[in-house]
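After this come two complexes, each holding chain A, first together with chain B and then together with chain C.
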Partner chain A sequence: MTLELRNVIKRAGAETHIYETSLKLREDGFNILLGTTLSGKTSLMQLMAGLERPADGEIWFDGKNVTKVPVQKRNVSMVHQQFINYPNFSVFENIASPLRVARLPRAEIKARVGQVAELLRLSPMLDRRPSELSGGQQQRTALARALVKDADVVLLDEPLANLDYKLREELRDELPKLFRDRGCTVVYATSEPTEALLLGGHTATLNEGRITQFGETAKVYRQPMDLISAAVFSDPPINSAAVTKQGDRFVLNDRVSWRAGESQRTLSDGSYVVAIRPHHITPVDHGANAVRIDGKVLVTELSGSESVVHFEVDGRTWISQSHGIHAFHVGDQASFYIDTGRCMYFGQDNERLAA
Partner chain B sequence: MRKATWLAPTLYILFLMLPIYWLVIMSFKTTNEILSVFTLWPQDFTLENYEKIFTDSTWYNGYFNSLAYVLMNTVIAVTAALPAAYAFSRYRFLGDKHLFFWLLTNRMAPPAVFALPFFQLYSAVNLFDTHIAVALAHTLFNIPLAVWILEGFMSGVPKELDETAYVDGYPFWRFFLRIFMPTIAAGIGVAAFFCFMFSWVELLLAKTLTSVAAKPIAATMTRTASTSGYELGLLAAAGTLTIIPGAFVIYFVRNYIAKGFALGRV
Partner chain C sequence: MAAKTHNPKAWLFVLPVVILVAFNALIPLMTVVNYSVQETFGDNVFFWEGVGWFEQVLHSERFHASLLRQLTFTGIILAIEVPLGVAIALTMPKKGPWVSVCLVFMAMPLLIPWNVVGAMWNIFALPDLGLLGRAINGMGIDYNFTQQPGSAWFTTILMDVWHWTSLVVLLAYAGLRSIPDAYYQAAKIDGASSWAVFRHIQLPKMKRVLTIAILLRFMDSFMIYTEPFVLTGGGPGNSTTFLSIDLVKIALGQFDLGPAAAMSLIYFLIVLLLSWIFYTLMMRNEAQ
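== the complex of A and B ==
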């Protein structure tokens, strides 16, 4: 079951929601669409489902062009961010609805719904209305309806975003297990980089209607092809700044410079962009690759186990993320240490140059 | 200050109920008593007024006629408004917002404006003095109202519900009838209620477009002058009976109407 988008474009009126995009989805593991709100995740899913027609381009499914096939005939299932269930149907009828529309025999419907309900721990609630369920149970019902159909393509559009923290973790663990060995293509949209990393599989980073990179999740995270992909796949936001290469050193300003690593030696002198993930800038001097940068503390966010500090250097805001509690006073001068071994360098066109 | 909190609602209800109370007790009085003395309670309690209405066909037929065209109108208006409201709520098309507003402007003209053209038109196509004539005339006001109300309720239903149903394999009409309409049942109830009320209360068009066969109760009531003068007791009884259907319908949709108000559409 392979789903492929070929040069697909989606417009709505004068606006372009999806710029020319080609994407061949994977059958093993999740296909994650990672991007902020309005980056085009939902638009892409609507195209895959057949809810919207592309303005140009084709959608191929299992070697067949399905661009003009209506959604009802495509054997897809979808779960939305909001808990969408049919309010006038019981949980059982909700889960059974795709099977009923397909006119399956009553006994088979009952068996399959029972099986899926068991899997999602909904068996005791089958007679209730969706409005009588908790948010987590409502979303389980929606997931059950997506599962029971045995669809070829399962589209999950930020299914966990509206759940509270505990339920989200719980369902996130269950999801990959639920869809394993079902032989379906699973597409999962999320705006959280952490969620993408936890789910694994393959990730496509999306920015303003364009897919900037598609590949194994860990690889996209570690080796972004350009600055935008790196920025999309970073939370808190990635630090980026202009640097100049002079000889074997990168110069940020007259106080901060560092020796270029092994793989950057060959770069010619000139202007580049350096990107550093927040957790590679820490308040602790960690040795060999560390280079000090001083700045004025703007904001500190302390959670139980980590500290996020925003500080200012020459009018530019930098973010440091570190384990443990590091108390800073807003307005103070403080020293941070960049792990230069983890810096990523990009050319002036934002293309990645060397690790 | 705290002690007086009961005062305002009590006065409010008192003033609200007073005319209705007066109407109801009048209906149990004889016309003589109404005209001669001031009494808070009928001295000479009588059911004669009601008896007359329930036995005289010119009276009770008025109710049947009114109910007939009101129900026809409600069914036509809601049936036509449902797909229209769905289009306004779910699709964007050229001039959609203008059209939506223009629909409402139909309500801004007084019914009297349309009395003459309707009379001419219905006479020409032999619909004069039929129930359907009045029902159709009232849809001019009720369809826009129903579209306006239903659109509010429909827009409160996430578009993702439609998408989920299509993904599940529902063809449009099956989704609309089996899932969407039950979901907005409250809105349909409220829209039907307002259509019912408008049509039930509207007198001018109903009177203009009918003579004998489809004469509405309100028209009958305005023609009660007899040789012995106005029969006030009889009129009061007819008035009381006219309030009942409205009160009955409002009882069933009272909770939904609150929802309609919350949506700002009623």
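== the complex of A and C ==
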């Protein structure tokens, strides 16, 4: 079953939430919508579900135009960021609710709920009410409701965002397994680049109501087509700065320069934009491709296994992310090393030029 | 770590509240208690009466009649105002410029002083001059709230519904607004009917505010005084003499301070008891 958006536009009053967008979703693995809050993830999902009608464009499902088909008749299911369950129903009744609406025989409802509950490890809690469950169990119940229906399209709108770290990891591991071989299209919205990478599948990067790129998750990460896609798919934020190409060298801030790589040799002299992921700027000189850059330390964040340092060079803030503990004092001058072999170059129009 | 738990200076911080509560609650209450167990003929001369006044009040048919009237009135207005308030809240817009218009419109009756409400309805319902009174009589129904107990009850209830349904509306509306949109979306995806949405999402989510609304309306209506006093003065006859009106008649009309004080305390205990029962029942329901 394939879900396809053709030139859809979504407006709310005078505001445009989704600019003209076309997208053909995949059935194998997750379709991840990656973008910050208000980038349009939820709006896109509401269009896919049929909760909202597009102002223009069409939605095709399995070779049929379903643009005007209301949500109840589309056989979709959705899991929200908030834990949405019927407050006065037991877990069993909650999971059974879509089947009851569909008027399935009692025995079948019981069997299917039992099966899904087993899968989501909810079997011991079937008699409890949502308010008596932990956050993780509440979200499992919501997931079970989405699963039990055998929907053609499953929409997961940041389902793990309200869970604590441990539960999030646990459920994130389970999710792809739960939906494997079900023959449904799964769409997963998230604002965390790491989550997209961990879930794999395909990713669409969203920015201000536009899909900037759609493709295999790893590929979108490694080869962003433009600066915006690269920025969306980077946490901490990607570093970008103007560079000039002079002969076979790139010059940054009139001071730092490095030899252009094999694929950039052919670029003509002129101004470009370089983007460097924070983990390609480290406090350690790692040899051949490294170029030193000096700046004033603004912020340091040390977690157990990595250090994130914000530093300022000529009025611009740079971010370095490195393994291990690298302690700096705020206000000190410090040296960082850019891995020039990993730099990405974009034209003045922010289109990517070469790897 | 050993902490010093005793610090007499802490009392200083509590003192303002203690003084305030003493003046506006404890001292008046104790004065009433004082009157309820004694007989006085003025000049600060008191005679010990024991529980005599309490026995007299509890056995008086007049008190029973007032109490029955009060319970009936409160029961009727709760049965009307709570469902009506919820229904109005459900029809109010969720967003847009009309929200504030509706809210202001709804809050209007609540802002009118109680005696003004009574006076307004008194004039409104006059059979010969008032719009309501003339309209009802014009339809061929004999209506005169100053002479017929039925008409008086009808007018009093209508007035209370007009005055206080807004409170239920505002509380219910606040409860409805606190339900995330995602619930409605989930219900839509399930294909749930609007009755199911009301019964299984909106009503359970409104339970807490409705508990408060019912409690407030119960207590307020049980202590209603000003509006019926201005509207009917408790009449015709005794037909709309609710507990508080009766109490004032005994205390200030007949100057029977002892029985009035005893009745005040009984009245207070009834309100407290019924509120407690209400609250416990509703909270137990919640816990299930």
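Just so we're on the same page, the second predicted complex is superposed on the first by the 355 of 355 C-alpha atoms of A that agree within 3 Å, B and C clash if a C-alpha of one lies under 4 Å from a C-alpha of the other, contacts with A are read in each partner's own complex, and residues count from 1 in each chain.
Rule of thumb we're sticking to: a residue touches a chain if its C-beta (ideal position, glycine included) is under 8 Å from a C-beta of that chain, and two chains touch if they have at least 3 such contacts.
Note that the structure is predicted; figures quoted are calculated from it, not measured.
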{"item": "When chain B and chain C are modelled together on chain A, clash or fit", "value": "clash"}
{"item": "First, second, both or neither for A:197, with chain B first and chain C second", "value": "neither"}
{"item": "Which of chain B and chain C A:86 touches, first, second, both or neither", "value": "both"}
{"item": "Contacts of A:9 with chain B and chain C, given as first, second, both or neither", "value": "neither"}
{"item": "Footprint overlap on chain A, where chain B in one structure and chain C in the other make contact", "value": "46, 49, 51, 71-72, 76-78, 80, 82, 84, 86-89, 97-98, 101-102, 142, 145"}
{"item": "Chain A contact footprint on chain C (complex, rising order)", "value": "180, 182-183, 185-186, 188-192, 200-201, 204-205"}
{"item": "Complex contacts: residues of chain A adjacent to chain B", "value": "13, 46, 49, 51, 71-72, 76-78, 80, 82, 84, 86-89, 97-98, 101-102, 142, 145, 149"}
{"item": "Touch list for chain B against partner chain A, complex", "value": "92, 158, 160-161, 163-171, 174, 179, 182-183, 185"}
{"item": "Complex contacts: residues of chain A adjacent to chain C", "value": "46, 49, 51, 71-72, 76-78, 80-82, 84, 86-89, 97-98, 101-102, 142, 145"}
